[in-house]
Every structure is written in structure tokens, then in C-alpha cells.
């Protein structure tokens, strides 16, 4: 059963087009994460689903009904805002009960639902407090609690954790994961620009860029088989190393020629007609290792070394002049600036993109 | 030559004591990072060095001179604020030139220094713009440029990157690293609560907690040999797993008894008198691996699995009831919820803390 | 309401007139609203008279007073929310409103009655007659309560101490003025200040001087602008005033003080020790502003502002009166105008303070004190009687340009200059 | 702020300048307050700033007339005290207005007709005559006295006990309270609509309202009163009613109210509003349950302005409510008092003080909201 | 007691009436278009319809009273200004023509220009100085309250106070006016301040400045507090002294508020006549437009033609300010 369907959704503010035709079907109970660079339209899309922005054109279908003209409160959605958006003059209890009071629920029912949500989010001791007497994490939990109390069909989150500090972020993220589990029938749509959140929470990730969908898929698929250069660069941190190349010979394996003349063989099939065309060759920093045998991918001079304890980041001036190559090495590795090193990578973990940025499928 | 000395620096706001005697010697040209939980006094300390807050007691020595009562502008410092703090009504050029104009520098000198700083930070095209017409990263660069123009002996940064998004943060971080290299005589003090920034930038990290210094040392030392439980927990993400235990037999190796009765041997020396005392046993998530042979550290049931592509985080209900153990496994690992797994760790990478939280030195 | 004097008790009063009025008028249940400029003690006094009307007719009278009467009456009439009766302190204002059609003409019989029963009756009728909206002249304002302006106030004991005599002629007055200066004193207190109306006391001086230097006919022409404001006769009169007011030695506070001293503060100088001045020219109402406890006729007294012996113009008297006009007609309003024609309506106020009447039918014995009676006598026996000219001029002049002009004059401009300006303003109105 | 300069000379300069400005600003009012409690003779004799020092005054005392005489040792004597029991002392006296300070106290002088006058320093005087006094009025004794400062509440008593002042006080409240609350309510609704509701012509409407800030009030009086009269006549009710004046005050106060409140309400966090909308609240509920409580500081601060204006107003009240005994407002009543006692500083000052006192009380009660209220958008989400 | 009850009742009636309108009308709207009907489509349609109507429910009272109390009089004044004093004869632009040749009008325009330059500038400047200084001291709030106090005083009350300050006695007697007392103490001659042509304008302006400074101060002090602290600290580190910080960092950042304060006071200056009326009534060359208008409208029987014509001039004078405000409002609207 489909929970939510977006059919060629477009949005313009006056002359400015923000969304250029979004098509997406979301199953009931799915956890969908929207990611994308700042300004690409994530929030706008979410707010359109919520009914806070008008749909310029296209159809928005929730539970089989076109809801383009249905006001927010009738769409069966709940939303958690980045800035919490708690009612500052109401206690935690009242914040959570507000929606139900408006809907005219009975006192007992309100009490029951608030209490159970508070229980679930460990907010029971704070029910009588005003938001200003809560810490950031607690506030965000209240916002989530308020949404839970609405018992929504679709749960919308707009960067709910971005105002929290690192430790709290991890804790709250886990809480959201649990929430998702405990509400299996509720569709959740989550906007973030935090990689980890997207990867850990999503059933499917939707990568947006400049108002268009770049790729939709489960997290690991996006990580392992990005559909194009944009997704490849966007998913993973530090970002994938991309090097311009030309296709020297097509087929499987394909031979590439890098800028400095180095030749390279990758186990990816390319059509014969593409010989001589420009391509981009990509490899993730964490897939690179210091070559132990003679076979290596490329050679470079170490520029910067960042030892993080767990891993060591090495920035290497490689075959491409301007763009240093990032290498992520496990543990603490003793490399020095200026050292010349050779790096190898598992051949199956290399990526190749055509002229237009599309991935050559393995 | 010492650049900066803090001698028993204390700070109170009225009755509230915020800093309880900070002693620290910083060499000229060193890059020092202050980390610590929110509210521990990092900013306060930095602002005292800058001269924006009075020193309640103690001595602050820059370049051999006590500067407690020297006004900020005479201390030879420059500061970059978290919120950029650009003058909104001045162009980028004027922002950078303001300090020199006040100091009455000649027009040519001002021009020379602004231009060179702008060059260095790739700001030359924006010199005539107002701050509101710049992106976040550009604004932060302007703030840095403004500081550079002051040609300071001590460079202070208060969470300069926390308002930037992930990609920008990485880029600007690298720029700061380069800046540090290009100004070898300038002492830099940097406040952050971002692990990666601290680890990558610092010559030495100062870990603060509740107004006291917990540990000072190079990043890897903090990661590998935390002085106490606090530092152990604070450095590294996800945080080190800590399990309460009792010392069953002292010496080297030490035998521990975990809560569920499991026995455990660690290659750390403990004094004989500590037998029977409580201790905390710690292991970093990234040091754990799925046991391949019979020897294992502990057994647990998988609760949550977060696949990040590059790594997989597994939360395991282990020997201690309430606190799940976090395990970070390289790459994509196929584990399922509810699975029972055994985990092992390199014995040299285990940590042990005494009753009071101090590390038993290896 | 309480009646101040019990009807029938004091034989001085003409209670019969009250009784007969009572018999012919029954206005039970009706309300009569009156709007006037009187506030404070004056308000209490007029209320004491109105009480008899209420008692006699059964009507309810609502009196409202305002110190911004001039503006308020314009707003009210213009907007159609005027009271039944308005009490005009200045005929000019009444004339303006009459011309706009906001006043109801009184019965012709009333004018007849006035002519017969008021001393110098015709001049009172003229005072209340204006052109209506239709351009026809009719009688609109019933004069009630007169003021006498040609008075000079002094402290008899001070005169006695210094050995001064009350002057009988203008020549004597001027000589006395100079003598006082020669004795080291200051003869006059003159204050033109009156907030928004600053300058008006000077107009009284000028009018009095006009009557003493020019014929009454010239005066009338001046008032109606048949001769221009800057006629030599007017300039001469103003300079006569200037002889007194524009001499630093003659006035308390010097010339500079004249325009800025409040007219209400000004008479206090008579009573200080040593006296700031010996004489103060002001209308009959001024004792209200004497320091508390000064008994009229003993602590303070007045003499007639004398005329030139050398000019054969008799003993002219300048006066003023308030006019009652109907701003919203009703039987009660008509009845009230009739009430004002009974002796008792005058006598009640006469018996208290600050009230003069030219009504010959009212018993002078009812005047509360000798001073009032003396003033009443001056009023009823004047050889030449003229009304305050500035009140008769159009409001913009008589209550505007003339005032301002006099302030400017005292401030240093010449009489010729200010009169030319005033004439210009007058021209602009035509 | 840069804290380490806390004890620098600059801080002293700031303290002194602020003190100077505060004194400059309060001095005129202080003069008023002090004058109002001074003895009325002293007000005109010396400046209020000398209120605490002893003043020298020339005073005329009228001795008792003949009936007060007593025969003593063959002489007829009238005695008493020129100071009438008051404090102070006599420094000089005289018998003629021309030389009121001719003699020093204690001297026996000829007071004419063979009578002898002595005035002691403590004010005791004695008039002695060998023959029986016949005069009906006592003679005047001129003396110079050192009068210690005298303070009195009489001036206030005069003003506060003036007839009808209580009624006027109530009238003023009846005018001012609804004239404050109703426009605020109306303006707040309008401000919310202009800030957060979507409808065609919204920005034009706001612009027009801002433009209306500048319409001079006096222009409106006559057309409006005319209209009131017509309406009154049509319904057979009086034209000048409280309802009428409330509405008038509302009309005149609205542009500023809408302007200020809209600025504030527009600054409230959008997410809170949207959150409430998702919760199922309509605009009315949002306004009443969310916006109104959050705008409390702005409402309080505007109500100070509006209250000050309606309480101090005289023009609108005279025109739309009238000056009759039942309806006159406090400012009108005090103007009456001034009009009839124009020259009396003591009444003037005391009554001015009485008009100020209520607005001041309101101001001091609410002033802490003022600064906060005008700080648009000071409420942050959560 | 009875009066008290009556007053209380009236107050309650008025306030409750206003509340009842808003509550009732919205309740009615919700009744007509109920949101809680079972049919989902109907409910959302109802909600949308209600949302179309509701803004007007909110706005109607405000628009009605603005229309009646401000817009309608503007037009009726425009009409009046074309008629003569009787209000019956159409005279075209004669009133305007008269105005241009009237010396008093020219004097008023001149004085008004003085007022327009001096009062807003002085009030804003003092307000700014006080706001800036009081932020730095512990008794700043007390100081602010005292300086705000004149705002609570009616114009009439203020005039009484200042008459007392400007009071004049001749040189021989003791001065009871503060200003003259000071002048005399310094060895000068007492002056009749309000009768010194040209300068007396300034003595009158002082009164309005005295009153309005509190207003400016409140707004500006709020704005000053809104300045990000960090920009100031950055300037401290850059070596700017307090004066430089104030002039180069703070003032430019609150320029918008300064403009608003300036505008508001400018408008007020054009409208205020009470002070001139009470102090001089335009004598000694102190006439201003608002008082001139009042004079013509209500003095001496009233000449509405000329009064209204002057009113129109006042309105025209503020047109530039109005346009500026409308522009601002528009620009701000576009931002949301």
C-alpha cells in the first residue's frame, strides 16, 4: 500500500523555479531521507507535503487522496521543525496536548496519549516545565512528542538534530530510529544534510540537487553504486576522489588515461563508441590503501596529514594538478609530509562516470 | 621561546566560579585547541586571553609581559568569532582595513596588507561586497582575513566553523591548516567541539571540563592514552565503551570481573592494593571486531545496526544491562538485529581506569 | 437646586416678577442646555441664577463651561451639536455664527423690550443685531451681564500714605504718573498676557483712548472699518496707550514685562510691600484676581479712567457684555430669553458679585456692595457709552490681529506699522 | 562590553554625563513638584530651588481695630504678633508703604496721631496711645520677616477637593481604559492579519495604513462630529457618548498601533505558527492561543502609549464627549480650574501634578516592558 | 459609588463588546464552515473557504474605523478647502491663492521648517546619546525612566512646567523662573525668552525635544541592544575606542531605527500645535502651520475653507515621508 505519491510536483516563487518536477512514490511505513546541498529545495518539498506551502503544479497524494488543497491539519501529518517551534508560553504537557485540544479530544484521551508519548521519550519528569527550562535535546524530544501525539500517518522531520551538539545528536538519532521501529505503519520523511543521519536512518535516501531528484535508493546502494557524479561526490565523507580521464579502450575492463599520462584499468564495462571520450574516474578515500606490492593505482606526494587516532587522513598531490587526493587510512599511520607514496585500491571499488556524469554501470 | 603563559587563571561571574585555576604554557607558533563540553569555560578562557573579559585572578603573560590590564588592541592578538562578527555596513575591504585605519596606518600599507590577505584567502573578487552578499564560508574567510591583517602574535578562534555546512567545514578547516603553516611564528588558539577539527589541527589539545584542565597533549596521545575517564569518553566518536568492573587480581596482566561475571584479562599493570576495588574498563568501538577465533572479549545481542557504507555501527546489548556497547566495523558488514555475536579486541588497545577515573598507565 | 435667596424673604428683590414668570411658564420634563465661557466661581454664580429658572419652570438646565469656548462653539455649531443657548463673551463671534446661520433670531419684541428697559437701550440692541445667513439684519443676542472697562484700580491707603489724590482728568492722571516716578515709585501695572488671548488688555486701553481722543462717531467707523485701521485717529490713540505702556519707568517690570506678564498676575503688584505699582487699569471683573481677603472699597478701590479736560468729549465709558443667543431653538430656550427679561434674573446675580446690569428695572439696592453700585451708576449714567470695539470687530481681527498687533507694538514696532498690518489682515477677510 | 575599562575615567565621564542629562530632564518637572507643595506666598516670592532656605519677605500686617484695645497704665494699647504665631523673625519694620523697612525691631516709633508703635524681633507689636483709639480699621504695619521654608499640602487639597474631581477621574478612566484596550485588540487582530494571513492587496493595505499615520487629527473633528450627530439623531440617542469617544480614540490611535504591533508580530518565529497550523489550529485559534500571549510585551508597551495619549487628551474628549458636568474628563476639569485661577501658580502646579500622576504610575508599572516590547522578535522558538 | 459602578459597567461593556465581536464572528465562521465534519473533502473545503473570509473578519473593524476616522475626513477636508468660510460658496483654489500671499502663512512655513530641522534631529540625537550612555551604567534603567517621564505629561502640563522655567520678572525683583535665575546668577540680564523673536522658536522647540527624547531613547536603546555583541568586541580588538565604536560600528548598524524615529517625530512636529498654542499662540513670530490651521478653523467663528487648505498643505508636506514609508513597507513585504 502506498503511503504518499508525488506526481510531477513543481514549485515556483514568482519567477524563481525551486522544484522542477518531483516524482516519487513512498510506501506506507517507509523511512525516507531527503539529502542535498543547501538550497536545493528539501525543506520546500517537505513543507509542501505538510501543506505549509502551496503546490504550484503536480499532484500530491496521501493515502490515495489528492491533498493539494487540503489544509495541513487534515492531511494526517505531523512535523518536527529544526528550530523545535515549541510554544514558548506553554508547558511541555500543554505543548503536546495543544493539537488534541483543538481537535476536541476528551481529557482522558489527551492525558493518555501525552503520558504515553512522554514515557516513550523519557519526558515524564519535565511535563510541567516551560520549554525555556529544558536543554536542547529535551526540547527536540518535546517537539517529537508533540508530533507523536497527533498520531500521524506521515511524520515529517526538517533537520531535527542540526541544533544539537555531537553527543546529543547521536543519542537523539538513536531515539528516532527506535521511534521508527515502534511505529511501523507510519511513513517518515526526514530532511538532513548530515551523512550519518541519512545513512543510519533511511530505508531509502532521496538525493536532491537544484530542485531535481538525482537518485533514490537504499543508503548502501547510493554509497556503492551512485547513479552519477553528483551523488558519488555527495554521499560519503570525505568526498570521493574524482579524476578526469579519457577512455583509452572500451569494453570490460576499460583502460583509462589520466591527465598525467598514467594508464589505468578498471573492471567496468564501457560501450565501444565511447573510446576517446572524456570520463571521470572516482575512488573513495577509504578505499585507498598504501600499495604493498608493485601494483598500484597512482603515486603522489603527501601534502597534509591529519591523524584522527582512529583513522589518518592523508592529502596527496597526485596526477591531477589542482585537486589533491584524499586518502583515509585505518588507525594511526606514520607518513610524513613530502613523502612519495603509492596507493592501491580494490579494483571492484572503483567508479567510472561518462562525459555527462552518469555512472557506467558495473 | 614561550608565546603565552597562563598562571593560575581564575574567573568568577559574581558568585559563580567558571574557571578554577588554569595553568598552561603555550610556545610561540604552537597550534593549541581547547575542547570540552558545552559550558566548560572554553570561550571564557579565550575571551580572557583576548582581553574581552577581566581576569579574576592569576596572571596572563604574552611574550613575557603580564597583560592582565592591557587593552585587547594592545595585546597583539586577533580573534575570529563563531558568528563571524563582520561589520555588516562595511565592504569586505573595509572590514579588513578597519583595524589598520584605526591604528592610523598609511593608505598604501593598508592596501598592501588587505590585498595580500585577500589573495591568500581567495577573497579578491569579493572585496567590494557587503557581508550580506557573501555565503557562509566566504564570510568566515573574511573574518579570518580581518584577523590576518592585524598581523597578530596570537591568533584566537572561537568555534569558527560551527556555522558552516559539512563540505564547507572541511574546506575551511584545510585553509586554516594552511594558514597555520604559512604563519609559523604565530601562536594559534582554537576553540571547538568538533573532534575532527581538534584532532587534525592541533599541535596540542587542551581538554577542559567544568573550568579545569583535564589533560593537555598532542592529539594522538589523547586518543591513545587518555589521562582519565573523562578524556577517554570525550575524545573519539562514537565514544569509548566503558564497563564497570572489579579488579579480581592485580599486577600485569590484571584480571577484571565484569558485572555479568565474565572474567577479562588486560595487559595493564595495577598495584596490588587495588584488588577488589571498582574499576572501569574501556574499549573504543573501532577497536572491536567480530571474533574470528575462540578468544573473545564479550558476547552480546545485536540491537541496532547502522550501515554507513564506509563503516557499520552495531549497537550491542552486552554484559552491562543499561548501556549498549557500540562497535564500529569496517565496510559493510552483514549483521542482523537479534543476532548473538562475539567481539574481540587487540589487547594492547584496552583501557583501564581506577575508582576515581584515573587511567592505569600501561 | 438650592436657591441662594429664599423667594419672598428679602424685600429688595423683585419676587413678584419671579412669581408671574412662574405662572406663565411650565416646562416640566424639558431640558435646556447652556454653553458658556464661565468657569469656576463665575460658573457657580450663573448656576445660582439658573436655579431660579429651573425652580420656576420645572425645566432641567444643564450648563457647561469651557475655557476654549470660542473653538468649541464653532465645532459644536458647525457639527450641529450645539447647546440650546450659547453665552457669547464677544459679539463678534456671535455675528460670525449668525452670518453662517447658526443662530436663531430672537423675537422682535425682545429687541423692543431691550430698547425700552436697558439704559442706552438702542446701543444694546445694536450690539446684538447682525446680518443673518439671508443677509438681513436681525436681533440675535440678548445682552445680560455687563462689564465696565473704564476703571483704574488702586489701593486707597497707599495713595494716602504717599499723599496722592485721585485724578479727575487725564491731564491729572498723566501728572500723577510722572509724580510717582519722581517719588521713586512705579505708577502702573500692565499685563497683557492671557495665554492664547495674549494682547487683549491692550485693546481695552486703545479703545478707551479712542473714546478720549476722538469722537464716538470716529470710534464707530473704526470698529466697522469705515475708516481704515491705520487712520491717524487710531494711531494717535495707540500712541496714547504707548505713553503709559512704553515707558520703562511707568510700568512695573519695564516695557519688556508688559506683554509677558499675565493679566491675572498683574494687579497683585498693587498689594505688595513696597507696592510694585500704584494703579492698574482693568475692567470690573478684575477683583476676582486680587489676593485673597482684599475688601473692595477698603483694601482696594477704583476710579473712573478720566477723560481729557482739554478735549470736549464728555465722560465716555467703555463697556462690554455677554450675549445670550439661541443656538438650538426650543420652547425652553425661548422661555429662558424671557426669563432674562425679569428683574429677578438680574438681581440674584447683582446681589452676589461681579455683575453689572444696564437694566433699569432691576433694583440697584440689590448690588452686593458699594463698589458694584458705584460701577452700576457709572454704567447707567454715562454720557457716551461704547462697547468694546475689539469684540465687535470680526473675530480674526478683534480676537486675533488686533491682539497680536498690540503685542508687537509693545514689543517695539511703531503704531503705524502695526495698524497697517492689522488693516491688511482685515482686507484679507473681505 | 569591554569589561576591563570598568574603572577607567571614561566610566566616570559616562556617569557624570548621564547624571547631567537626567538632571537637565527632570529639573523642570522637579520645579513643578516642589512648587506644588510650597506655600503660595513663597512661590511668587522666591524660586523653587530656594524652597529649603529661609526667605526674606516684605509683608503688610493689618493690626486689629479699636475694639481690640486695652487700657493699661492710663494708656491705650493694641498688642499682638505680626507673625500670627508663625515661625521666623522680624528684621525691619515701617509705618508707611513708602518706607516699609525704615526701622529696626525694638525701636519705638511714631505711628501718627501721637501713637507709638514698637515691633519686637519675635513679631510682638504694641501700639500705644494716650487717647482712646477710634479707628474702625487697624493700621498697617509693614515689616520684613525672615520666613523659614513652609511646605503645605493645601494646594493639593484645593485641587483634589474641587467639586466634581472624583466624577471627572472616573470619567477619565471610563474614557481611557476601553480606549486603550479596544484599539489594541482591534489593532492586534489587524496586525496579525497583515503579518501572517494571505489575502490579496495585503502589502498595499499595510502601506496605506502606514501612510495614515500622518493625518492631522484636528481635520477630522468636524466631519466626524457631524456624522455623530446624524447617527445620533437617526437612532434618537445622544451624539456624544462614551462609545463615540472610544471609537474616535481607536480611529486616531490605530495606525501607530497597527504599525508597531505588526512589526512585532511579524517578527515572531514562523515555525511556531506553522506548527500550530499543523496541529489543526485555524488563524483565530493561532492568534488567540499563540500570538496574543507571545505579543504580551508589545501589547503592554503600546498600551502605555495609548493610555498616555487618551488620558492626557483634552481635544477629542471635549469634542466627542462634551464638557457637561457628568462627562467632563480630568484634564478638562483641571483646565477649568486653571481657566478660573490663571494667575495662581500653586493651583497650576498642583493640578498639573495631579494630571501627571496616573500616567506616571502606569508608566512605572509597565515601563520594564517598554524596551522589551519594542524589540521586535525577541521571542525565539522554544 | 453609583458613579463607580457605572464607570465599571461601561468599561466592561465596551471591552466585552469588542471581544464579543471577534469571538462571535469567528465562531460563526467556524459554524458556517465546520472543520470537524466526517467527510474529509468537505472539511478541507470548508477550511479553505473559512481561510478566505477570515482575514477580513480580522481586518474589518480596523479598516472601518480607519476609513471613518482618517480617510473620510481627509476627503471632506479636501472638499472644504475649495469652499469659502460659509462652506456654501465654491471658490476653487482661492484659499490656496490667499495662503501664498499671507505673511502669517509664510512665517509659519519658515518656522515649521525650523521645527522640522531642529526637533527631530535634537530628539533623535539626545535619545541616541542617552540610550548609548545608559547602557553602560548600573543605574541606566532609573535614568531612562526619569528621562522618559516627560512623555507621560500632557502637552498642556508640559506648557505649565515650561512657563515656569521661562518665567520673567524684571531685573529688580527675584527671579522665580529657572532660566532667568541662572542668567542672573551668571551676571546677566533677565530675558523674556518667549518674546525674543526668532530665538523664541527654539525655546518652544526645547519643550517638544524634552518630551520626545524619551520616545527616541526607548526605540533606539532597543535597537542598540539588538546589535550583535561580537561586532563590538571585534572592534575592541581592532583597537577602536568607545567613540569610534559608537560612531563607526553602532550607529551605522541602527541606521534603520534612527530613520524610523526621525520620521515619527517629524510627523509629530507637523501635527503638534498644543505647545505653541499654550505658550505663545503664535505671537512674537512663533506661528506654526498646525496652530495656524487651528486658528483659522476655530477662531473667530471659523473659516473652514482656509483652515482645511492649511491642513492640506500639512498633509502635502508629509507626502515625501509617506512615500518613503510605503516604499519601506513594500520592500519589507517582498521579503516574506
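First chain written, first letter: the chains are A, B, C, D and E, and each begins at residue 1.
Simple rule for what comes next: contacts are C-beta pairs under 8 Å (C-beta built on N, C-alpha and C of every residue); 3 or more make two chains touch, one makes a residue touch a chain.
Keep in mind that what you see is a predicted model, and the values were worked out from it rather than measured.
**Q** Which chains lie in contact with each of chain C and chain E?
**A** Correct list: D.
**Q** Count the smallest number of chain-to-chain hops linking chain B with chain C, moving only between touching chains.
**A** The fewest touching-chain steps linking chain B to chain C number 2.
**Q** With contacts counted as C-beta pairs, which pair of chains has the highest total?
**A** Ranked by C-beta contact count, first place goes to D-E.
**Q** Starting from the Cα centroid of chain B, hunt down the chain whose centroid lies farthest away.
**A** Here the answer is chain C, farthest from chain B.
**Q** Which chain has its C-alpha centroid at the greatest distance from the C-alpha centroid of chain A?
**A** C
**Q** When you take the mean of every protein CA atom shown, which chain's own CA mean is nearest to it?
**A** Per-chain C-alpha centroids compared to the overall one single out E.
**Q** Express in whole angstrom the distance between the two chain centres, defined as the mean CA positions of chain A and chain D.
**A** 67
**Q** Centroid from C-alpha atoms only, then distance chain A to chain C, rounded to Å. What do you get?
**A** 93
**Q** Roughly how far is chain B from chain D, centre to centre by C-alpha average, rounded to an integer in Å?
**A** Inter-chain centre distance comes to 63 Å.
**Q** Taking the mean of the CA coordinates per chain, how far is chain A from chain B in Å?
**A** Computed value for the inter-centroid distance: 26 Å.
**Q** If a residue has to touch 2 or more other chains to count, which residues of chain E qualify?
**A** Expected reply: 35, 47, 51, 233, 236, 294, 297, 304.
**Q** Two-or-more-chain contact residues of chain D, please, as numbers and ranges.
**A** 2, 5, 44, 222, 280, 335, 338
**Q** Using the touch definition from the top, which residues of chain A touch two or more other chains?
**A** Where chain A meets two or more other chains at a single residue, that happens at 71, 73-74, 103.
**Q** Please output the residues of chain C touching chain D within their complex, sorted ascending.
**A** 33, 35, 39-43, 62-68, 72, 75-76, 78-81, 157-158, 161-162, 183, 185, 194-195, 262, 264-265, 268, 271-275, 289, 298
**Q** Could you pull out which chain A residues touch chain E in their complex?
**A** Chain A residues touching chain E: 65, 67, 69-71, 73-74, 103-104.
**Q** Given the complex with chain E, which residues does chain B contribute to the contact?
**A** 47, 50-52, 71-74, 77-79, 81-90, 98-99, 102-103, 146, 150
**Q** What part of chain E is in contact with chain B in the complex they form?
**A** 228, 230-231, 233-240, 244, 248-249, 252-253, 255
**Q** Give the list of chain B residues in touch with chain A in this complex.
**A** That would be residues 37-38, 165-167, 170, 174, 177, 193-196, 199-200, 219-220, 222-224, 235-239, 284, 286, 304, 306-310, 313, 315, 328, 330, 332 of chain B.
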